[in-house]
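Each structure below appears as structure tokens.
In what comes next, chain A is part of two complexes: it sits with chain B in the first one and with chain C in the second one.
On to the complex of A and B.
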């Protein structure tokens, strides 16, 4: 009898990350539904913003093409985190309520790493959808090209940092349920706040000054508004270092906070009643 | 026991269950408050979006701002009523996945009623707080002569909006009984209602406004009743009489959706097969 070698880090990460995407790929109906929803969403958003601009050329420093591109990119970006992990019974809140969270702490993979791998898999799958949709939108002329090659590169870097900020924000709320037992409401509030304050509903440039000032001191605008504004050229490249620095600071702060919370959370988990 | 006594007995049981589920919600105080907060945040996010668009792009489709605000206010108040009275169907897929529906089938109470009584919708408190405030503001600011028939119609319009939203989500939840993953469609539909339900649909191309009238009938929730109230009945895509009959059509749609739900329940398959 030969002992089976324990998988090394990479295969372990790969096997964990692909769980949700595999579940999706095994359900053609879900894939078709995702394609229909995404296609319709882009079409509707394009129609809405074109209609709004029918009587004006420019608003809040954005011309029609910029506003449409911003709105369509926002619709695609929200697709990146659109997977329903709850259906697979693998959200933190579900494990806490079922008592199965303890297994996360008994496995060879540390819970924080398992969480990271699952999130990476989910986001990579969502990103694949967004990338295909982006290519189609560019081909059909729905989306304009980045304002410049530099703006395109800045958008890519900023989007990556924005997704990391979003990952930590979601993790933060998930970690809170080690203390609150219930966090469904907090998660939903985060989702609404994220959509509103990041620019997913409408470009932040349209909002009043106080709203923009408030958004500036919160992490949400880093997730979407900054990369999208770089793409359409509403934030000039000269502002890039400052914007990236703000995003990096949020990443650092949230990483430190969540690291601390993981450690505290581990101390609260009990097995078989303690 | 005659049917009237049975009806009142059923309501007494329902009232007791509602009181118990409300107390159960109070067990987690922070969660309770945050749940109220969800309703508020959700409605406020829609208000902010609507006012931003109204501020930046006035005169949507020839509608003055106060009339557009009436559409948004009616939709939000009817949404609050929907969440309070019918909102549980939105989460039916969770009940299916958790096996609750199997338990409901064994109890001596209609399954649909048990679904609606499964928990107290705390978020409806927040939804209604904002909805009532916004509706009061919209009615106050719009220059309309509030005669008795108009007051009657606005109430009918609000109830119709509630019933149409209930009809849409009851129909979608019929799918949940067979395919729990259909929850994604409900989420998406709610996003569509939030994005497109608050403005005159005539600003959109005909194919889209037609789809939002005949395919996903969100025009009947607030757009048509507000158009009738404010006299903006041209370019609706349907005759004015049809727009005026929106509350009745909503009632018919809800009754239809309940028949669909009943039929789907007969074909229900639990997650364990």
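On to the complex of A and C.
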């Protein structure tokens, strides 16, 4: 028995990132269900957008191929980090409800770091799915190539920033659980707002001007509409610096806000006791 | 011997909003909330020596869990000081985390969707335990808790007894010198309880771990604890060995007798009838009486025509009941 605080080897807490992929691999049924769901989603959005463009060549500044590509990419990108993280009973709200959040504060890894590792693992796992599905969609001609090599690179950078914004938005809602205990309603609102205002339901270009103006001051469009519009060439590369700057500002603001909330949340656990 | 756990004047006061009944009351609580303070633990001081197993006992709501949460660093005391293996738990959380293991009743720290063995591997990574050391410790825990028969099953499919055994192993995988167990055997069957007790005895006697245990199971206390700290209404009311507690609150007895013929004889001096059902009578010591069970038997036999008689001396559960009631009065 070691009566000392030192670890015996260098801690590899980052390996907690593999929890979700491991759990999924141990449940082939879940993998099959995800594959079927994703395949169906891609098939249906392709049919829908092709049908919508049956009588027109261009709408909202998008031609059929661009609209279909946007919709398919949106379906794939939402897979990167779905909001159905409850299956493994390792969400903040579940731990607060079951009284097991105390264990997050009893380990030598701070809870915010553990949360980050888990989220990174989930996002990397989701990205693997999206990447495989992207390759298949490209091979079958469902998805067009990026508007240009530059657009492809811009898409990759913007998608990365968008995923960071999404991470912080999800974290923000999770942290609210420390005050509200129940935040199912907040999660549903976030899910709806995220899908609508990010452009997951339909490209934001199809919405009225006031809606687009409102979206521009919210963080949601940074997660999907900006990278996807760069991919299909609807946002020109000349706008890239401004778009990336907006995304970076959201990353910074949300990082500061969630950092503050983590500190308050920890103090709340300390004062109220798990 | 050096103290592994020390609590000095620990006090914890919670501040909550008082809810008023009805819609008007709810609105008033929102506009002008009325804050109320409740002291859960007051001036609690005790210490646990290295390699000692101490039971922290008390009725529900006595302040046991709050005390344990302050000692594990989850709660910061309103006043007072705590030290666990030389660390102030609520100030140096990460350092403290390596020194302690904890199990909170049926609340599992294991990953619901993964087999137990995978959870152990994740904890190995979190605590930075070497692979050979981890494997050796798992073997030891398997010998004592028979984990290998179910450790490849996902946590969600394990029975309560299996899950708690896994949780106990998980809490000790990083070899902590101090272990906090908050009602670890609650809801378990007797066979598993005994296995867990053997495991805990082994950890204390062979591995020299210090254990602070809360439980309502007096058999567990009798089998495991060398010392008992009794807490009630947030205050320590007794700190001593089981023998000391028996001497102070024990000494209770009852005599069950079946009498023949007319039993309307006056109750013998120094005794009182606690229960009467036909020919069966239950006697207890009269108010202020210091009769021994032997003297009571003699008096009952002298007064009655007895067909059957038996003495029932109070067990630890009775002793604790007396202690809780007397200290609450």
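We take it that the second predicted complex is superposed on the first by the 254 of 274 C-alpha atoms of A that agree within 3 Å, B and C clash if a C-alpha of one lies under 4 Å from a C-alpha of the other, contacts with A are read in each partner's own complex, and residues count from 1 in each chain.
Here, contacts are C-beta pairs under 8 Å (C-beta built on N, C-alpha and C of every residue); 3 or more make two chains touch, one makes a residue touch a chain.
Just so you know, these numbers come straight off a predicted model, no measurement behind them.
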Which of chain B and chain C A:48 touches, first, second, both or neither: first
Touched partner set for A:65, first chain B, second chain C, both or neither: neither
Which superposed partner A:110 touches (first chain B, second chain C, both, neither): second
Partner chain in contact with A:189 - chain B first, chain C second, else both or neither: first
First (chain B), second (chain C), both or neither touched by A:90: second
Touching partner for A:56 - first (chain B), second (chain C), both, neither: first
Those residues of chain A which chain B touches in one complex and chain C touches in the other: 27, 87
Residues of chain B touching chain A in the complex: 28, 30-31, 34-35, 37-38, 41-42, 45, 48-49, 52-53, 55-57, 59-60, 94, 97, 123, 179-181, 183-185, 188, 192, 195-196, 203-205, 208
Residues of chain A that touch chain C when the two form their complex: 1-13, 15-16, 19, 22-23, 26-27, 87-90, 98-100, 102-103, 105-110, 114, 269-274
Residue numbers on chain C that touch chain A, as the complex places them: 14, 65-66, 69, 72-76, 85, 87, 90, 93-100, 102, 104, 107-109, 111-115, 118, 122, 125-131, 133, 154, 156, 175-177, 207-209
Of chain A, residues touching chain B in the complex: 27, 29-30, 33-34, 37, 41, 44, 47-48, 51-56, 59-60, 84, 86-87, 180-186, 188-189, 192-193, 195-196, 201-202, 206-208, 211
